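Each chain carries a letter (A, B, C and D) given by its place in the written order, and its residues are counted from 1.
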Amino acid sequence: MSSNAFGKLFTVTTFGESHGPAIGCVIDGCPPGLAIAAEEFAGDLARRATGKSRHTSQRHEADEVEILSGVFEGRTTGTPIALLIRNTDARSKDYEKIVEQFRPGHADYTYWAKYGIRDPRGGGRSSARETTVRVAAGVIARKWLAANFGIRIRGHVAQIADITPRGFDWNAVEENAFFWPDAGQVGELESFMDALRKSGDSVGARVNVVADGVPPGWGEPVYGKLDAELAAAMMSINAVKGVEIGAGFDSISQKGSVHRDEIVAAGFLSNHAGGVLGGISSGQPVTCSVAFKPTSSLRLPGRTIDVEGREVEVITTGRHDPCVGLRATPICEAMMALVLMDQALRHRAQCGDVGNVFPRIPTPQEEQ
Amino acid sequence: MSSNAFGKLFTVTTFGESHGPAIGCVIDGCPPGLAIAAEEFAGDLARRATGKSRHTSQRHEADEVEILSGVFEGRTTGTPIALLIRNTDARSKDYEKIVEQFRPGHADYTYWAKYGIRDPRGGGRSSARETTVRVAAGVIARKWLAANFGIRIRGHVAQIADITPRGFDWNAVEENAFFWPDAGQVGELESFMDALRKSGDSVGARVNVVADGVPPGWGEPVYGKLDAELAAAMMSINAVKGVEIGAGFDSISQKGSVHRDEIVAAGFLSNHAGGVLGGISSGQPVTCSVAFKPTSSLRLPGRTIDVEGREVEVITTGRHDPCVGLRATPICEAMMALVLMDQALRHRAQCGDVGNVFPRIPTPQEEQ
Amino acid sequence: MSSNAFGKLFTVTTFGESHGPAIGCVIDGCPPGLAIAAEEFAGDLARRATGKSRHTSQRHEADEVEILSGVFEGRTTGTPIALLIRNTDARSKDYEKIVEQFRPGHADYTYWAKYGIRDPRGGGRSSARETTVRVAAGVIARKWLAANFGIRIRGHVAQIADITPRGFDWNAVEENAFFWPDAGQVGELESFMDALRKSGDSVGARVNVVADGVPPGWGEPVYGKLDAELAAAMMSINAVKGVEIGAGFDSISQKGSVHRDEIVAAGFLSNHAGGVLGGISSGQPVTCSVAFKPTSSLRLPGRTIDVEGREVEVITTGRHDPCVGLRATPICEAMMALVLMDQALRHRAQCGDVGNVFPRIPTPQEEQ
Amino acid sequence: MSSNAFGKLFTVTTFGESHGPAIGCVIDGCPPGLAIAAEEFAGDLARRATGKSRHTSQRHEADEVEILSGVFEGRTTGTPIALLIRNTDARSKDYEKIVEQFRPGHADYTYWAKYGIRDPRGGGRSSARETTVRVAAGVIARKWLAANFGIRIRGHVAQIADITPRGFDWNAVEENAFFWPDAGQVGELESFMDALRKSGDSVGARVNVVADGVPPGWGEPVYGKLDAELAAAMMSINAVKGVEIGAGFDSISQKGSVHRDEIVAAGFLSNHAGGVLGGISSGQPVTCSVAFKPTSSLRLPGRTIDVEGREVEVITTGRHDPCVGLRATPICEAMMALVLMDQALRHRAQCGDVGNVFPRIPTPQEEQ
């Protein structure tokens, strides 16, 4: 019910500010008996972390996860799993100048208007630092989904400014700093990002995320639809301005005879629906595309007002990403995992005794 | 917690199937003392209704609202408001042929896979008939928001297939069957829709919705963000495949120096954010753009399978809209109203004693 | 989240006032495939109804249930089940005198202080009329619990004023107007109630309710404990002032060596816990005892103030029960059923893949 | 929605096991601007702590609270407040013997039946250690309620085994180890407890808690009633078996003419209702009485079975309280505070614009 919690049955409550002592979360509702160790969080946290290349913020956080509860002798017990990550590289002095100013494009003014008080250090609660614990919670969800249903969740960057992939190869994605599916474009992207960083400006990005192996039947009409919850999950990530499921906005100009995914004995003939029909999974891959705006933290001066209403010029000198979308792939994957995990449990609650229903429409397994 | 309910504090629980005896809703949490009469629902329900022009489905529903509770001597009492609308023009025989088939692009297969049983008459629960009560509930929310904050919520169709408005005039929107903001294009649209209807095919549409007058401070970070809840609200509407806030997907190729909405003493210089920063309203107009797919109910034959797994050809002969997005404007407006109403109450709960915070960034009032 | 809704996954949202056009509820989250017909509600509704004997209020309601949604060809579909009951015997003129007065012991003053407005006809929303739909919803829960787990829920009156049962026989309970387990005392109770009714006064009662067959493992620590939710469920019934689980208040003076229910291979040796340990069912009968206050609607004059703050004398001349607890047994059973149903689904959600755990402590089946 | 969370708007999510690395909580929804410092938790935590007298368990915990988030420069910011308390005196070896056994009267069997796995060290999650963080969260709620409404919440022990207070003096309560309101009985209680401890057995206790200054209008009918939520709150505390509001079970044998609290211009003439009518506060003191069972952790051998189903004798040699109710007063007070805080925010959400309603029934302020 709390707005810092996500999920109805697999509920992740997060806490923490960018420059506070720690961030963390409490995961409630996790099925018991799942093996989990502190080391298992390192992989996805590193994928999300800053400072791994020159193309991201140079903040270096240890991102060490301490499991405070809910795990006994290496297995979940069904009680709340609390994860704690200490902040180790906060440099609050970078922000002293902007305490009295509202950075344009940031949440400074809105937090202040809402609460009458704000923690300005590193963006406080509105910082993307919070997404670290989403990724951590997602690790548990992904493991359970994989173990119980063979679900695999993968994402990649699909657009940076006006640049889109020419080729597509899942194997390339994890091999470059841009989560980019065409290895041949990496040099071009590096040049582009270097020039951008030097200019002091920023650009947006698109991230696509796909879940294979989701069984048909997950999703709760009409307000707990699988796609509605995915939309909320993605839009809750910092800097996101748009979400598409399946064909998304392209479906506006499609004919119905094209968009509807016809079915033959061998399976669906297309997947414009993105794996969701009527809010319920169809067994096809669940696909989602997410728009990230360019960060507003720039070295280029911008006009704004201060807390006295006076016009001032603001320059952001902290460590920032010229393209926040670059590190967003693991966050989008994590949110997809959290939505699916929650819906899996909700489906089992209501429909756990629905027998096997035939026919099941075949879904050709993509090559690994 | 129920998935057929929307909103945390202003909670709308809907029920009913397309061809069942009735549809309706229970609205819980409405502030007491609001004047409301059964007649007040007629306006928005007529805007959403089928059968008003040749360009929509020819089902004619009376859409008469009976208030069953929660209103005493014309005012809300703070107890649940139950609204009941009897279905009067259901023709279930149209659907007899498809009971045993899964219409492609519909929820037939997914409901069946989830529940092991489905009500096939008119799409059952997955029919857009359900959106009628969203609009009814929205009437109450809109009235309260207008009375207490002067908030005005308006929408229009912004794209049909590949056609976009050449001019823009709010006054034109309610004067044509397409909610179209350029009166000069209406003839063209009529021809397009007539040809489409004759072809037996369908197209998608884009609906834009704007709320003026939303005060700064509404929205709950980090998972109850105003934009995250708008995304879920819109994506929960039948046939929606994409949602944008503010600049949406265009923000990907924007520079940060352009996207960030600079602020001067006279107010914001642009509104790429769509009135939401960090999940909290900024006082600027809240803007949302929604993609509706083309309906999959076509007279053109399509391939699918039946409940025995056999390949069959399906033709949908019921009464359908060639472009469901045409009637979606009042639905999107209603969902915007429900989200804002709920956030208004949530904001008052937590921050009701936050004093007036200065400066407030001016928001020039648009002409009416 | 709405406060007129009960249950997290099997969610019952009720609406309606005592003298409004109708009462009803929306049941969301019901498993699909359960056979249910409108006639099945009649039995329990009659047990709860007024006017069946001279010892209860003489209001005669038809209590006919119309199923508006969620059932197709006699089976639940998994979509919301809306139940509607029209009010047919409301006599609002009885209440005209008290519109301007706050009846002592009633919710008149508190509703008015909260909402600034109240529906005074028959107590409005605060009337026990609302419990009718709890009983109706309970019928569905009981049927599912019986069909899936063999759970049987029974209750009886265990005290009226200072009178307690001398003997105990489940078979007697449904054979008299007092839900009394000792047929030999019925004459005495009739005389007592006749004298009480003539005196214009009222008394309280105790209702005990027992669920047999609840499997071990239901209940969610630490705030969703089975006993905590039972306590809330019972205390939410009109006129309830106390709730006990198992030994209840008697456990204060018990020794721990007596209270702890020792276990041998054949099963538990006692059930002071009332079937719940650590908030989770133990497999023993779940037992609950509930205190109902005497109704405050009396023909005997009482002192109070009116809406102008003037002291006035109030006499309640409407139709009332001299002992509201007499009709409360089916309501308590229904609330027990709703709690168990909800916990059953929640348990399946989180622990649906927990294998059979041995040993299971035997629970000797009580004779039917 | 998570079951380890309490409260709809002021939501406290707790985590931690008795012998795990830490316990803690996340408090979401706290109004911004409240001054709070880590030192302010010490007082109530000490009142709840073990090891302060020979009459409680001899476990000595530092109970030092670290504020991890949600507080900036000494004031709450409206973002989640995470509190962390490291466990410092866990002695898990005491429990090694009982890993394979189900202690009678404990949650060992039920956790194991539910989850298929359990953390046996010190009772794991089912330990009363969890209540420490309830008390910590209650400190914040109490401070806000006092600052904004002048609400004072106090409790005392009202029965130990068969012993009840002869006199009553609030000033005495905090001056003895028993939270006992009659200083003259302290010697008797010490002797009783010494003898009990030596016997190896345990007894139950009754705790009464009272909130003065609660304004009329708090509480949400019909399932979110103030008394229903108090009942759940108290019953969720370890070892509680019964809850009464106002006259409680005594109301069964009261006449209605006595029970109803008559009203004159000077105020209510009695408070059998316990400050709640129709689920809404009346402005009178809110009173609650709670039954704690005797602990089942005894040095006296008891019969049970082990995980193989074999009959065994169990003796509990860990550090335990011979009367757990003795330390329960601050826990009951904290739960009262959490319920009131949550209802305060919920009331403001829905009824924040209900004007001052007259007359307000006077509530004579008790002497401090």
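Assume a contact is a pair of C-beta atoms (placed from the backbone, for glycine too) under 8 Å apart; a residue touches a chain by one contact, two chains touch by 3 or more.
Not measured: the values here are computed from a predicted model.
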Third chains touching both chain B and chain A: C, D
Remotest chain, chain D as reference, centres from CA atoms: B
Centre distance in Å when chain B and chain C are each reduced to the mean of their C-alpha atoms: 39
Distance from the mean Cα position of chain D to that of chain B, given in whole angstrom: 45
Residue list for chain C, restricted to those that touch at least two other chains: 1, 3-5, 8-9, 14, 29, 32-33, 78-79, 114-116, 125, 221, 346, 351, 354
Parts of chain C lying in touch with chain B, wherever the complex brings them together: 1-5, 7-9, 11, 13-17, 20-24, 26, 28-29, 32-33, 66, 68-70, 72, 75, 77-82, 84, 114-119, 124-125
Chain D contact footprint on chain C (complex, rising order): 1, 3-6, 8, 14, 102, 104-107, 109-116, 125-126, 130, 159-162, 201-206, 216-225, 227-236, 238, 240-249, 251-257, 259-265, 269, 272-274, 276-283, 291-298, 300, 302-305, 307-311, 325, 346-347, 351, 354-355, 357-361
For the chain B and chain D complex, residues of the former touching the latter: 1, 9, 29-33, 78-79, 148, 221, 345-346, 348-354
